[in-house]
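Following this message is one structure expressed as structure tokens.
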Amino acid sequence: MVEQDFILEVDAIHTFIGQFHILEGVTVQVRCNSITVLLGRNGAGKTTTLKSILGLTPPRIGRVLFDGRELQGKRAYDIAAMGIGFVPEHRAIFRNLSVAENLRIAERKKGDLERKAEFIFGLFPDLKRLYKLPGNHLSGGQQQMLAVARALVADNKLLLIDEPSEGLAPILIEQMMEAIRELSATTTVLLVEQNFLMASRLAQYYYIIDDGKSVHQGEMADLIHDEALVHQYLGASVRVEVGASSGRGGGK
Amino acid sequence: MKIKAFWRENNTLLSVALILLALSIFGLFSMGLEPFVRTTLSGFTLSALYFMVAAGLTLVFGLMDVLNFSQGSMLMIGAYAGWQFYTNPTFLFGLAPLVFALMAGLTMMAVLHPLVSKWRIPEQWQSRLRALLLVLAVVIGVLAVAGVDFRGLASTAMVATMVAGNPLAEATLQEPLASFWIRPLLLFLSGALIALAQARPGDSTVVVYKDQSRRSGMIVAGLLALVIVATLVRESGPLAVLTTNGNLRFVLALIVGTLVGAGLGAVIETTLISPLYVRPLYQVIITMGLAFVISELIQLLWDPLPYAMSRPPAFSQPGKAENIWAFFQGGNTTVDILGVTFPSYRLFIIALGVLMFVGLTLVLKYTRLGMIIRAGVQDREMVEALGINVKRVFTLVFALGTGLAALGGIGAAPFVPVEPVMGDRYLMQGFITVVIGGMGSTTGAAVGALLLGLARAFGDYLALKFSLSPAISEASTVIIMAIVLLARPAGLLGRRE
Amino acid sequence: MSEKAEKRVNGKMGAPLGWIRQHWGELAVVVGLILFPYIFGLLSGTSVSQGATKFWQGQLIVMFIMAVYAMSYDLLLGYTGILSFGHAAFFGGGAYAMALFLTHVAPKVTDSYRIMVGSINIADLLMLLAGFLLAVLVAVLLGLLFSAVSSRVKGAYFAMITLAMGQAIHILSKATDFVDWTGADEGLHGVPVPIWLNPTQFRLRFYFIALAFMLIMYLITRRIVNSPTGRVFVAIRENESRVRMIGYNPAVYRSIAFVTAAVIAGLAGGLYALWTMSATPSMTSSALTINALIMGILGGIGTLIGPMLGAVLREFLGHFFYQWFGARWPLVFGVLFILLVLFLPYGIVGTWRLRRLELRQGWQRFLRLFKPEKE
């Protein structure tokens, strides 16, 4: 495989939080214009992997290449400004800011928001209606949409999305999936998702992280047929619906 | 329904207002109109001062989790700088070229960055080179300032206040240009060496931003121009300032004091605070140490004595103005308000405090910086993840906080003694203010300042009535803090964890 | 080093000899301090209670008292991780308690009761002890007050509240309302210390008392630090939520640490009042709190020896700084302090302990070069 195929290469990173060794060798490669999903149990280190990529919890060992550039030793804001959008878990929008301000603050150049407004409101029509409201007046689903929308304001080459379906009603999950599928037409997505059904229908590639190590990787189409593997790493509760459409739908 | 919702959202503020109203009705009837109005107005004056200290504290703590124990000292520095500028700016003019030169040198870092990162230096020599450069910089820096008569320069304003007649008599006590010119040059060199060390020569892993280095180049050029101008006007400047109109001079003093405070704040944040974000306890300790250093330094320069700064002419015409409008025309020392003779300058302080609160609220609400601050108070990590240079925002906000305190200091200088204990005193009152109001909230700081100021004023009134000293009422403000802490540990408007 | 010594000692030698071997460093320091006035007297050619010898005894007395004060602060900052900026209140509280008692209460008692045993008036001694008890009481009350108000806050917030309260105590100590009692701005001077303890007349006696005071306080503090309670203190510093999970109430233990430190500082303050025969507002000022910080950081927080060493160094250097830089010599310490916090945050003792391991490892690596490989 030629190197340029990957927009992001995470090479055996080790991350410590305080005295705790959270990541003990995570390797992830994200292909340009794809959706890749990180799977794993709760506490396996998926969120920390995203934060390590972004430099919020910088890895102590190993290296991260984004767009062919080394990220070692850079501050998080420098890394983000290189073109990475981040949608944190728990719908972490700025609750004391209005919807408009939540979007405006993500601008990296003046006029970003105006340029992208049509695209964003196309994905999440609700936000247009709520534009003036303060963030803490939004429902959970609306907050999640705002969090995703915020990552779309600037021109990002890569989106890190952490558990977009967490705590959402099924119909909203469907809507969110549709939105992610649509936005992946223009950028690359690295997703962390507990909802295996959603993950399996969205992503083309997967990595399984267990106990801070990446233990398995491959194409999503293969994983859905490997029930034993799914069972081993993702727990018994996950039921695979064979036949669910895999990969990106219309999109490209 | 609407009233109910309004009450739910603002119940703290409304309860405070109701309690204040009840207390003031009670006070009005038990004290009589004249003392009541006078005490209330005095309280507002104090409130304005406390707000100026507390606003910076609460902003900085809310955004950066740094509690600045030198905030009181910043007010003191503002007061001293403003007093110097207003009375006899020789000291400031003498120092300006040196400060600008050092700053210009330090700003060279981003300019040097792209040049030196390509140098081929073996890795083990890189750190040695950096150490060597720093040592060299310190040696040159010491050489540059060796023999400058700081105390002599500082004493000019003291002499001016003591001689009382003609401040111009001592206005020019500057080293002749023929021997002075080398100093800014050496300091620029020293700063540039530090910048060179900071630029990590030979370290190719450092990211280089072309546009940033270009912008820094322009800043360096600007600063160098300032150095040259400041060097040239060193001797004529003080005279020119002293011969200008007193009111204009006072406005200039306000600006200079604020700039000195803000500049110092920026320097403190970048050199002392930012290396210690990994060790928050030491951050607090270092600001405490800094407060100590500043108070010692001020005593070294101006001796441990209280000074009185004269009021600007707009507030010092003899006689009493019938009302506010008459004051605007006459510029009298006192104004008649509801039958109470009140010093007009104190009204100016109240106005300054209100203006600062309104300005700060507007900045927070409508500017991008304000938006980032509000967002950062809630979730700093996410602001960083959006690609916003939080480091620069931190420096800016810290400078804003210290600048506001310094502005408070120069504002206060004409009616409180300018003395080295100012720092401790206003630090304590600022702390009590933010404890009452709640950390991280500007409105909270305003409410806290209002309550504390009124409490102090009425406390002083009561103390006088029972023939106690004002010290008792100053000390007992701690009781208010204790009550608020026990009832609402997060303060009236603070974040609840 | 001590562990190694312990191993060697166990079983081989008699208990007292072994104990001496184990603690020879500490013992040497103690013996050195006991002999100091005599040796210094011999070297300088002055008698034990005159001239330079007497002067340096005085310097050492201050060092001893300040060492105890710095140690008490370290119990909070270094061991329990509590940043308190009101520590001077305890020292000053102890000093004022002692001075006020000896000035206003004790004379009334000693005037009416005289219990002579030999040449010493027991009533004087009892009053002195009562003074110390009162200092302890004041310190306990102040400590409880401080920790009651600030029990629900932590970290920098705690520091802020203790500073405000300490400042309030300072203001009260300067208040003109109590001028008859405290002397307001001037402070209390000429406290009637019992004649046999007069620090100018019986300097050597005072020297030994101060030395004994420091040693006892050091042993007590070390005992506290090594006790189960002391371990909870350290655990609170490291991870408070885990302490709570194990089932200890951190608030209670922080209060215990606070009151203990207050008592030790109060006792030091009481003795200091005897030494200077005065109590002044400078003893409650924030500058004194910063001194505790400076001494702690200089020597190394989290070690008992460190702050004591820091206190000694500070007083010793202060003496010369005063000669070189004049009245504003604390400025030098302030700058030094900031540099220390930035570049040497573990202080002298802390850094030495860190480096010692490195040095030893380096030495072993060096030795290994000459060892034949076992294969």
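By letter and in written order, the chains are A, B and C; residue numbering begins at 1 in each of them.
Convention: a contact is a pair of C-beta atoms (placed from the backbone, for glycine too) under 8 Å apart; a residue touches a chain by one contact, two chains touch by 3 or more.
Everything quoted here is computed from the prediction, not taken from an experiment.
Engineer: Starting from the Cα centroid of chain A, hunt down the chain whose centroid lies farthest away.
Structural biologist: Of all chains, C has its centre farthest from that of chain A.
Engineer: Which chain lies at the heart of the structure, taking centres as C-alpha averages?
Structural biologist: So the chain nearest the centre of the shown protein is B.
Engineer: Chain A to chain B: how many Å between their CA centres?
Structural biologist: Here the centre of chain B sits 43 Å away from the centre of chain A.
Engineer: Using mean CA coordinates as chain centres, what's the chain B-chain C distance in Å?
Structural biologist: Distance between chain centres, rounded to whole Å: 36 Å.
Engineer: Between chain A and chain C, tell me the centre distance in angstrom, where each centre is the average of that chain's C-alpha atoms.
Structural biologist: Here chain A and chain C have centroids separated by 56 Å.
Engineer: What are the residues of chain B that contact at least two other chains?
Structural biologist: none
Engineer: For chain A, jot down the residues that touch at least 2 other chains.
Structural biologist: Not one residue in chain A touches at least two other chains.
Engineer: Check each residue of chain C and list the ones that touch at least two other chains.
Structural biologist: In chain C, no residue touches at least two other chains, as defined above.
Engineer: For chain B, which residues are in contact with chain C within the complex?
Structural biologist: Contact set of chain B toward chain C: 61, 65-67, 69, 272, 275-276, 279-286, 288-290, 292-293, 296-297, 299-300, 424-425, 427-428, 431-432, 434-435, 439, 468-469, 471-472, 474-478, 481-482, 485-486, 489.
Engineer: Quick one: in the complex, what on chain B touches chain A?
Structural biologist: 205-207, 368, 371-372, 374-375, 377-379, 381-391
Engineer: In the complex formed with chain B, which residues of chain C make contact?
Structural biologist: 81, 83, 85, 149-150, 152-153, 155-157, 159-161, 163-165, 167-169, 171-172, 174-177, 286-287, 290, 293-294, 297, 328, 330-331, 334-335, 337-338, 341-342, 345
Engineer: Give every residue of chain A touching chain B within the complex, in rising order.
Structural biologist: Against chain B, the touching part of chain A is residues 54, 56, 70, 72-78, 80-81, 84, 86, 88, 92, 94-97, 101, 104-106, 108, 150, 154.
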